[in-house]
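Paired with chain B in one complex and with chain C in the other, chain A is shared by the two complexes that follow.
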Partner chain A sequence: MQAKLRDLLITNILAIVLGIAASGLMLLFLGKNPLNAYSVLITSVVRDGYTFADIFVKATPLMFTALAFAFTYKANLYNIGAQGQFYIGAVIAAAGSLLLQNILPGWLVLIITLLLTIVGGGLWGAFVGFVKARYNSNEFLVSMMSTYVALAIMNYSLRTFLMETKAEYPQTDALAASVWLPRIIPGTRLHIGFVLAVLACVGVWILLYKTTLGYRIRAVGYNAGAAEMSGINAKKLYILAFFISGALAGVAGFTEVNGVQHMLVQGFNPDLGAAGIGIAILANGNPIGIIFAAILFGALKVGGTIMGQMSGIPSSIIELMQGFVMVFVILSYFVRTWLENNREKRKLQRAVAK
Partner chain B sequence: METAFFELRGISKYFAKVIANKDVSFSIQRGEVLALLGENGAGKSTIMKILYGLYKADEGKLLKDGKEIKIDSPKEAMELGISMIQQHFSLVPAHTVTENIILGNVQGIIDHKLFGEEIKRLAELYGFELNPNDYIRDLAVGVQQKVEILKALYQKTNLLIMDEPTAVLTPQEAENLMGFVRDFTAQGNAVIFITHKLKEVMSVADRIIVMRAGRVYGDIKRAETNELELSKLMIGRDLKWVTKDDRQESLDQEVCLEIQQVTVQEKTGVPALKDISLTLHKGEILGIAGVSGNGQQELCEIVCGAILPTKGRVLLDGEDITERKIRARIDLGIGYVPADRSSDGMIMDMSIAENMLLKSSYDKKWQKRGFIDKQKLNQYTLQEIQEYSIKAPSPETLARGLSGGNQQKVVLAREVDNGEKVIVFDQPTRGLDLGAVNHIHQVILKERAKGKSVLLVSTELAEIFALSDRIAVLYKGEIQGVFNSAELTTEKIGLLMAGFREGEVSNDAG
Partner chain C sequence: MINLLSATIMMGTPLLFGALAEVIAERTGMMVTAIEGIFLMGAWAGFVGGYLSGSLMVGFLSAMLAGLLVASLYGWICIYLKQHQVVTGVAINLLIVGLCSFLYRVIFGVPITPLTVNPLTTIPIPLLSEIPLLGPILFNQTILTYIIYVLAPLSYFMLYKTSIGLTIRSAGENPEAVDVAGINVLKVRFLTVLLAGVMGGVAGAFYSIGFLGMFTTNIIGGRGWIAFAICFLGNWNPKGAVIGTLAFGFAEAIAIYMQSIGNSALFPNELFIALPYIMTIVLTVSRKSFSVPAKLGVPYLKEN
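Right after this comes the complex of A and B.
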């Protein structure tokens, strides 16, 4: 067990270092000194509390979309539509907040809006599960396509009933400060949504591994045939799993609108869904692992933005770094299995030799 | 002493967590039938896969005619004249017999007529009745096996390795196969048989290699041994066989389960079950004999509720349960041990404890304040592990990590508890080693003694005869007849299984 933990730490750290080194190589091709660039990066992140806190701000919605993918993944379903469920959540969060902010006290508006995004995102997701269960349609395609429908709904509402009073840009009016998510650390953008995200990760972990519902979802995911044979209604679970998945992604819309943007802007955060899939894969679908993987991605995002501001470095270096780190982390799974197998084999050979 | 045709010297093979083979040495002569006898997981298949180039040995060497050889792939093995017929055939169902046989040995444009004639000649040479233009998907398993053999013969094989060749055959087909083996070796070729059936070994082998836990425990001429000695070598201890004496003679006449004129129509329109009627009494074991694929699985699924009959009724204690779904039937006390545990019976990536929970996850008894009562579940699992002597370090062990026999015991333990009234066993001992088979037979008899009704589907006649009070024979979805087990002989049941009706059988088999 101890050797396993050691492998896990060493291989993961090594993978991140290798990923950064490989992106450094790319910087070298651009004629930039990577050591220089990285040292600027590190000092600016460490020195500046605002920037440091931004890592966690960026990690917050990523945790939700990653959970959304991981949750259905446990039922052997693929929810590629977290981006769309996020947009639906964002539209509902903006509409709910704008509608209620002058009628009800701020804290109550926040709670109601949160619940609305859960229901809205959940229903949007559950539709995918429903057509899968009812018509045996491919959930991969349906969820992917539902993203474009969600995007269109967002664009439509920003051109019509949600459009700002000036009617100039496709965005909403700013939300009243009373319905902003409270900040945890003054002087930074870090809001309570981060805590909510971590709690969601822990909650999903408990749901999956400690309750009979989670047990049944995993049973269906591992072996739907055996689960059906045991009287478990897999179809009902498909719908439920997609509801929960959609709800999780929907909450990302709430934390982004009420916590960061304080308004709804057309087509914002367009890569949350895709990044969430990457993070879920990075964490091997483990909800607790997602916390760390999302923070890593948040750090890469913040770091990439800073590097993009340096002269001559394209901002696409972020994606490059994300890509390299992911490739190496995924490779590290195989390295770990290989190490583990070899260790067992040696142990066996020693035992036989005695 | 003459030089061995093939020789294995000191072969060892390690997988990550198990020693598959350790210091395995034996040889085979031309014209010899060698049986490789051992329980499941004894390393028989592994050592043969090393000889066939599918695995690479960690230690040791291979020799042909006294010269050291290297075999790194099946292709190289074939060039040396070695062919292996796997337990699961490697045929392409959508291709014809000819196409399958020449696969991998032709290039460019295929002259179907030429190859077809060649294969027909080859088949006739060995007395196989086959049409080279038939599609594999239309052929019975016994015939498919002949195609596999022809494939080997076509490649001019001198050493034919067969992994559990009779597992899928009727007694008559198995007899034919043995006949072929004798002919083939009479021409100076060699055959290695992988098996765990003692009877088969005694009828066909010249020499027997007994393997246990990856090592060779015996290298004996058939003439110098007997079944008892072999079984002792194979499992390393004595076995108490279940016999008919263990059975209660008094039969409780109270009816428990009734299947009334049930028909199951497949999507293709072909009925999987045709107008089946069976009654199962309390404290009775009803054996269902038949070659696999003749409606056994459908029959079991009708009882456990996985499929609903197109026509007919199912009654439990006089109550109509035809429309009840699986979950309701579990609650009613119907247990089901499916034939294919890995796809229908258990979840390999979950722990033993989680597998015990599989059918009762809705039951409040496993919950505490909305969470799974892990402590209680683990305790129960531990108890079952001891009661069924399941070899596992803890309830948290993944099912995948267990041997086949121990996996089956997990399913058995669960279903025996679930099936308070009726337990359906579909091939409960298929592919298991003797120790596990014996244990499972004892469990089945014990449940019967408790007054439960048992439906036992098996393709192993020995098992059917050893356990059943009454025997029904299933052929193409129809019941060929229901008999008291004393009325039947192996010959008679073999003919019934091959589709003869009762009247015809008594004329033919007297």
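Right after this comes the complex of A and C.
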């Protein structure tokens, strides 16, 4: 167990370093010195508190989408539609806040909106689980397709009933300050959604490893047939797992709209779903590991944005870094299995030699 | 109406390229989940090659090469390193988005007006194109469509009537038997993934240099996934893929037509854009029996 954990840490850190180095090498194509760029990057991240706090702001929605993937993954299901569930959550958060902000006190609006996004994102996700359970559809395909439908719904509502009063751009009016998520540290953008995200990670960990429901979900993931034999209703669990997964991704929409953007803008955060999957595999599906992996991806995002503002470096460097890190993380899985096999082999050889 | 059907065939062409590629690879047990990335890389390489050389032929060749490269990375990780196909595909797709927009910037800087090339023109086939009704629909298309007319029956013949096809299908149903027969399962899978990469590259290039004449990073917008879906809905059979493609091509032709006539009050634009995706969901729900390749998505591990 000790050796396994050591392997996990070393290979993952190596994967991250290699991923960042590979994207640094790409900068050479632009005639930029990557060492220069990275040193400017690090100094500007650490220099002021606002930028540093932004890492945790960016990590907040990523924790939710990563949890969304990791949760169904434990049941051996693939929810790659977190992006769509996030969009649904964002639309509901914006619509709910705009509708209620002048009627009810701010704190009440926030609670109601949060609950609405949980239900909305959850139902959107549960639909995938439902067609999987009822019609044996491929959940991977359906969740992927549902993302594009959610995108169309978001675009439609931004063009019609949610459109700003000026009717110029596809975005909503700004939310009243009373329904903004309160800031934790004044002078930064860090809001209480971050605490919510960390609590969600801890909560999902408890749910998965300390409750019967979590045990059942993991049992279905390990061997659905055997779980059914022992009296677990796998179909019901598919729907429930997808509801929870969708609800988690939906809350990301709430924290982004009420916590960061304070409005809904067309096509914002288009890579949350994919990055969430990357974070989940980096953390090996562990909800506590997701906290740290999400902070790392948040740092990549903030760093990439700063680099994008430097002269001549395009902002696509963010996707490049995320993509390279993800590919190297997958390679590190291979290296870990290889190390583990070698260790077992040596153990056997020693046993035989005796 | 003739325009709409002709557009159906045209918009269906790249989808069928992708779907056939996916059918052949999935028959060996390999889901090509990197298909979206392969399409995008093909669109990018096709545009870059076509723009810089001034020849669309060079564009399509570079697209094939680019698709091949992405597919070989995907195949190496999934087949030889035995990593998970869904997760690997998602990672590669994200990487390709970054890579394409970054390298576009490296090569072209920030152009003031969007760069364009003249896309493929239609070639009416003498005599055949003059058949009333069918002629203009089927035989006034680009060269890619004529190629797919040949490729579709060819891939069916290859899969079901040749020993290569038997090997391919067995690799996905009973890889141990293939192994015992002295054929390298991993190699069979890798080669079909490479083939899928080449075909997917061409499909991607259709969007950039076969149709629009320009490149943007959202040019594919999920079409790779649609090809992936068509393979599922077509029951892993080239015949089914053709039928599925016609349905999706028609949905896309309607979407383009609706956008061109502007917003109608009754049906919003977005409904038509979402139509192919809604259709996929409805079809996966309504189809009862699937003949999924037994080892689809399962890495092949040799005993010892």
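Operating definition for what follows: the second predicted complex is superposed on the first by the 323 of 354 C-alpha atoms of A that agree within 3 Å, B and C clash if a C-alpha of one lies under 4 Å from a C-alpha of the other, contacts with A are read in each partner's own complex, and residues count from 1 in each chain.
To be clear about the criterion, contacts are C-beta pairs under 8 Å (C-beta built on N, C-alpha and C of every residue); 3 or more make two chains touch, one makes a residue touch a chain.
Given the structure is predicted, the values throughout are model-derived calculations rather than measurements.
J.: In the overlaid three-chain picture, which partner chain does A:Ser146 touch, first (chain B) or second (chain C), both, or neither?
T.: second
J.: Could you tell me if A:Ala70 is touching chain B, chain C, both of them or neither one (first, second, both, neither)?
T.: Touch status of A:Ala70: no partner.
J.: Return first, second, both or neither, reflecting whether A:Ala299 touches chain B, chain C, both chains, or no partner chain.
T.: neither
J.: Under the stated touch criterion, which partner chain does A:Val91 make contact with: chain B (first), chain C (second), both, or neither?
T.: A:Val91 contacts neither chain B nor chain C.
J.: Regarding the shared-chain residue A:Ala59, is it in contact with chain B (first), chain C (second), both, or neither?
T.: So A:Ala59 meets neither chain B nor chain C here.
J.: Taking the superposition as given, does A:Val327 touch the first partner, chain B, the second, chain C, both, or neither?
T.: second
J.: When the two structures are laid over each other on chain A, which of chain B and chain C touches more residues of chain A?
T.: Touching more of chain A: C.
J.: Touching A:Val260, do we find chain B (first), chain C (second), both, or neither?
T.: Neither partner.
J.: Which residues would you name on chain A as touching chain B in one complex and chain C in the other?
T.: The answer is that chain A has no such residue.
J.: Show me the residue ranges of chain C that touch chain A in the complex, using the header's touch definition.
T.: Interface residues on chain C, with respect to chain A: 73, 77, 81-84, 86-88, 90-99, 101-103, 105-106, 217, 222, 225, 228-229, 232, 268, 270-271, 273-274, 277-278, 280-281, 284-286.
J.: Touching residues of chain B toward chain A in the complex: what are they?
T.: So the residues of chain B in touch with chain A come to 14-19, 22, 304, 306, 325-330, 336, 338, 343-350, 354, 357-359, 361-362, 366-367, 370-372.
J.: Which of the residues in chain A come into contact with chain C in the complex?
T.: For this pair, the touching residues of chain A are 23, 26, 29-30, 78, 80, 131, 135, 137-138, 140-142, 144-146, 148-149, 151-153, 155-156, 159-160, 271, 274-275, 277-278, 281, 314, 316-324, 326-327, 329-331, 333-334, 337.
J.: Which stretch or stretches of chain A touch chain B in the complex?
T.: 206, 210-212, 215-216, 218-219, 222-223, 225-233, 340-341, 344-345, 348-349, 352
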